[in-house]
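Here's a structure for you.
Chain lettering (A, B and C) follows the sequence in which the chains are written, and residue indices restart at 1 in each chain.
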């Protein structure tokens, strides 16, 4: 693994989960590993958990984090090949990625999709450009189509909270007022497909995820049916993939309620809009794992950074 | 003391002042105390002194500071209970505060008042929500109604510069072109009430501070009379409390001049608008303590963080 | 050298270059030098290389960097003397510079020119105010008329890549769609004048730099003639100095092409607009030194900070 940009970069998810649990037990054990090294955290978009947990993970490994809001702090970046740069972009990614590689031993990047241009989003323009032009390892802090640090976090959290050999995990679409990316849902799906769980997806018609990602995972358009005997209900809104990037409206009855999930554990990557996506009663109950998930973000990031640093060494 | 959100959290101001002076003598003495711990500095508003001095204080204690402009870097935060979050806010403080508590051993928050909604401001919505939902200690870096790190700083500075057993200290309103918060004036008042000084307030009619804070402190509407035999003149503009949050205009003759203050020491929390609040001749004179005040911000913050860390340990 | 604000602060450029090369060989040798000290990086303008390389240099010396976007994070700063501050500025540089000096052992500042007010720009209002009012050393991270960390970087890079005793170095103007500062061109000119190189400048009529800086350096208005037998072609756009701050338009044929530079090494401070300033074929060729230049930014900054720290010690 040179870079960590997708759940597909995980060779053995069970081994990774066990190693993450060990890190969680003793987070400062590898404090010398990142000594005198820097990680650049480049944000093209807003972030709370990712911004803080990745810094915390870096500090636990002795790395010096250097944080930058690319858009506000630096220059508009051009991604096109052969472009005559007489517009709004002042620096080409070819230079930017190589330049940042001079100062940082690892580069972590967050760049959301357009949600208007499917082809561009699926090409993962920003992330691909960094992996192509940088001379140091690249870590995705959420890209157009995936959020692999979140997906790994969720796998760890399910493993920690599972009381069965093969729990049933449901990924359920939920309503939202905006059109949101597919990244979290995609990475969660890919993570679950690698684990020994019974995994199903529930979403309204028109909201099927990219079939190249869902593959053989059963998809229900009836939420109640999907939730039957569920041990974990992972909730997330996403915009339509078919009618690309659109919020089709309606489906407010997909709101996650206490009645619906019963004894299942509730999961969400956060931020979550209360009483739009899920009702207060769920989030405020003991069945909610959302804060544990947030906590595990540190250890997922720390595992990825540790693996990269050990390989570099 | 779990949190430091008000001058009222100081149990013994004289003991605190002495300890702050010791820290100032040997600022790196407790460099091990914060090792492998982080402090999150969350800014909802602009800051220069607070931002830098709190980082410096943290570094002196070996803490790793993680700084975030909440509005620009993260998500709009919802504070209402039971809200259906279908508006501009994307994350509820219930989650945000718990989440940040996963990554930071201490959370410091700056959040200014609305100055339009007295009830909301006095409820200290943001600060209260953090103290309620976070699982780690909260430090105010200025809230709607108080600026307790500044108040503590000012107490230290007066103690250092006093040549009398019981000096006379005047808090004087001064003119401004904007409507400003009461936070600094409130915390200064509360700090002086705890010290062995003769403390009076001077402000134009219509500008009396919250009587629950000023209590028995004498209030003059005649600046000259108040300044008589003053040893320290602490200056600050604030908007009307009675006509809540308004700049009533006029009163330009309350400008602080060299003639007015005579031999008294001049204090101000900064930033200060020169020749609107106070004339150049005062700020540029040897009687001005404003830079020493700024310096003491580090040691006030360091004292507070030290106390919190020692208690946690 | 108390401050580093101009190439003129370099007493012996060859000695500096040798020392920078030693630092590059062993960048962590002086890791103890900056221990328990902070450097404040104050940005009034965008930055990528300067922001990251100066942080990296500081970390290599054991300094704690504190980064601040002055405009966004803090208050509008007033620079005028005797101003009645009833406008948009809330804090005077007299206070700001002294205040930051309380928290930082070194202050680095980036502040671009107006390009509309030549006199103001040449007075270096921001930088001069900091050097006047701060009580700690000031480092320019690019000011209105100079970029001395870049100039030093370029001198190092030319020294490393030179195969001749006295190489020919050309500074060539190139087209751009905006009106850009003279800072990089000025500092490069001053650095080359101190080195044992054959140095000439090429620019269209109307684009001669400030004659007080170019002095006796030959200026060609014919690019081809200037490039004859060149070993290094340093490219940069700048606005007119005579018709102050204006982009006069035209001169697109000054674009740097592979044909034009032949076997010469290509240099640029970055960011660079591809196919407006220079064609892809040059930047993507082995003759391009732009990434090495970016790398040397760290060691130029580290040399300057090391010299300041050793002097302070």
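By our rule, contacts are C-beta pairs under 8 Å (C-beta built on N, C-alpha and C of every residue); 3 or more make two chains touch, one makes a residue touch a chain.
No experiment lies behind these values; they were computed from the predicted model shown.
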Count the residue numbers both subunit A and subunit B use at their shared interface, divide by all numbers used there, and answer same if that is over half, different if under half.
different
Given a C-alpha superposition of subunit A onto subunit C, how large is the rotation in degrees, taken in steps of 5?
120
Return the distance between the CA-based centres of subunit A and subunit B, expressed in whole Å.
39
Name the residues of subunit A that each touch 2 or more other chains.
72
Residue set of subunit C touching subunit A in the complex reads 28, 31, 43, 46-49, 51-53, 55-56, 59-60, 69, 72, 177, 270-276, 280, 283-284, 290-291, 294-295, 297-298
Can you name the residues of subunit B that touch subunit A in the complex?
36, 38, 40, 64, 66, 68, 72-75, 78, 82-86, 89-92, 94-96, 98-100, 102-104
